[in-house]
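The same chain A turns up in both complexes below, where it pairs with chain B and then with chain C.
On to the complex of A and B.
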């Protein structure tokens, strides 16, 4: 039986995280670099773009994900993990996008979808996300006509 | 309090992915948020029309809805569609007055390389286009077709289909043409279905891992067909029917779980036939069986070497279940969990049973 190897990842703020290799390679980016570099511990220079908080969150995410074998436990834990505000979700998204971690990305997008679902109408969506309405009155009217079946 | 607009900086494909999680009404609603959001919904990868999306439709806005669906499905046709789902509420609107072009919608989805189609439709006559059954992109197809009799033409072929579910439909011999041309099929289910005018149900699918044959139990007499299953890699098997004319099953070395319900096993002949089915699943690890327990007295069952869980539903126990002893000692020597469901006649007295010590017993 193979002992799990640990990879050392350095973040932007020069903090080094040791993660089990099987977890580290959940990131497509790291996986590609590992196969190229092939060493037990390496410093990922490009990873210096990722601030410390994000890295720590990812490492936690994967460790916990691997620990939770039972589906119910996992989905409970996942809902709690993503119960953060838009700023944090954005951070998670940037990290998941950069490191190319599909499961994390899916979690973030689902959660943002939940946010949108919870909004009663378009005005509430704009307020929740801080989006500016840049439509001309006529354009808005056009869209409402096309969507008369949807009552927006 | 001023919230910074973080979400608009997400790339468009990610925003489309987010919209795919929403019911279609909510996804379309986002078109009015801002100019950036105006056309995002048009590229969502999942299009689902369920009961909720049909609420609020009236005769007056029906045309606007039909135009919307047409535009949504048709363009942009270079963007791949992952999933297209219609539920039965659509049918209640699809009468002579309104005439939804459901066949056209399905064709449009197929043109966009759709991978998953799920349709709950009644009155399917002429709705399903022939191209549905020659589509190379389909991976999952689920059809719930109240009372529809399927007839498949000779050129059916779904080369990438992994999951095929039918519910509440009738099939003749032409179904075999479809099944034999699904070369990577892993999950096949016939739920509340019936076969007519055939002498053999013939399932020869080496790639199959899950099989459900759940037939209507309306038949009072014996059935006219034999059941032949050659699926050596099956992991899960569910079978519910009146006893057939005969069973031939290939060895299933990987079978984990089986749920078997056979009705009408009242004669020794029918019990012998049912034994052939049970023989075919003798490698299973977990078995839920519902059958006339006479079979244990009249037939010699094979040994279930791998069986660790057995759940049995019988008609009624007399309290002197000698067959159970033989079962525990010879037929299922490695059993760990036994669950018996039964109704007990008043006054039944139980004789003490000698059970192997490692067995956990549930009544």
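On to the complex of A and C.
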């Protein structure tokens, strides 16, 4: 990889670290700010929300993504990358959303979706996301029947 | 949702255990979710997660609360869904009605109970989780057979000889629309369908009825409509190459062209939609192919066929070739020999039909409900688990073993392009 311009990003914990600009602009937010500020190294003062560990992890995510050429390697690597505690996953989710990094966001989204898929029943889903059941008992039963997919 | 059930009896022992991959849910991490943070997840992000769910999980999630129930009808959710939902490269199987059943039906005065509703249901197969689901096709009228699928829609064609009626149907949300009939009378033409979020293209080829009892492969006619307002109601016509034989009835769409197999001798016919022209491509090893078929995979055309060089001492095999941009074929995969021996034993010379999209190809053995699944990325072959819905009381199969024919089907919760067609209905 050619040595290209580096951007310095500051995280909420006041840690500054450098990433290649081509990786930094994977984040739509940073990309917008770069074009506005137009300097080789700048401090992103607005990056308030994102703790340092997240930033580093995301930078790594993109470096690795660019390195992996073969599809199989990429999908295996990606599934390992997202095998984290649900708390960490939540942070990744928030960070990817704030920084507007689509590929990272999609990866996390799918992982959370896998969790929903694996939930034993609908009540577990409600409990996890703190959702109230606002159906009448009969309604719920009817909906469940009409929407259940026959499977083995 | 059940994962691959290894205790189910499979016809042969040549199976692979599922190793970790992007299709599996992980059990290594701490599954405990802190409701304090997850309950505060912004609604928009939660909608994103729901939009990513495969259809069975999505429909189950509708029972969670009224808001989740209503997402299927909510335009802002559907917009998000159209933008970000991933493609699910699944397969739809239907019981195949042989030509014999058409003749029998014509001979009985009452029309028969069983035959008319043989295709009242379809069997959806998820190749990632190796799971089967059942879908109802009750809305589709009798007298139609399934021909093709694209962009979440399944195309049904009328049985009767003559101008052909076509129906586009989304089985997930029961939305159905009929196209205006083709202009030329045909018997069993080959159908090509390609659907995008903003356009529908259908090409109908061959089997021109030049008289009530004579069929010849002469012409094609195409239908087009798009959100930009351009349309062609079968007005785009073209001549087929002379002396072609299109037995498969199927056309595969790749990058603006429809491809179909041509027989005796084998070659591939291609229809360039933009140029409205047909051209021929030589098939690889054409003198030694058996049961060739075409599939699309990740933007490329793939030819699947058994190779038999009986005079030379070359072992029989089943091979896949990919069509390169320059027009030549490159062999990309060969079925492991041991597996091919098993496969050939089950197949018994009846032939096989491949269907595929994304990273999956399914090779169904003709006259049976058995098939092999090939994962192109991971280079894995395995037998498809038996479909648990065959022989159920809903659709009698007259005591014969069921034969399944497959379509490469991508389940979609919304197919708004159908609304473009509503201006043609009466």
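Operating definition for what follows: the second predicted complex is superposed on the first by the 118 of 152 C-alpha atoms of A that agree within 3 Å, B and C clash if a C-alpha of one lies under 4 Å from a C-alpha of the other, contacts with A are read in each partner's own complex, and residues count from 1 in each chain.
Note that in this section a residue touches a chain if its C-beta (ideal position, glycine included) is under 8 Å from a C-beta of that chain, and two chains touch if they have at least 3 such contacts.
Just so we're clear, the structure is a prediction, and the values are computed from it rather than from any experiment.
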First, second, both or neither for A:130, with chain B first and chain C second: both
Touched partner set for A:118, first chain B, second chain C, both or neither: second
Partner chain(s) touched by A:84 [first = chain B, second = chain C, both, neither]: second
Touched partner set for A:138, first chain B, second chain C, both or neither: neither
Common interface positions of chain A, toward chain B and toward chain C: 86-87, 90, 93, 97, 105, 109-110, 112-114, 116-117, 122, 125-135, 140, 143-144, 147-152
Chain A contact footprint on chain C (complex, rising order): 1-2, 5, 20-22, 24-26, 28-35, 37-42, 45-46, 48-50, 52-57, 59-66, 68-69, 84, 86, 131-134, 359, 377-378, 388-389
Sites on chain A touched by chain B in the complex: 86-87, 89-90, 93, 97, 105, 109-110, 112-114, 116-117, 121-122, 125-135, 139-140, 143-152
Interface residues, chain A side, partner chain C - complex: 71-72, 75-76, 78-80, 83-87, 90, 93, 97, 105-106, 109-110, 112-118, 122, 125-135, 140, 143-144, 147-152
Contact footprint of chain A on chain B as seen in their complex: 2-11, 14, 17-23, 25-26, 28-35, 37-38, 56-57, 61-62, 64-65, 67-68
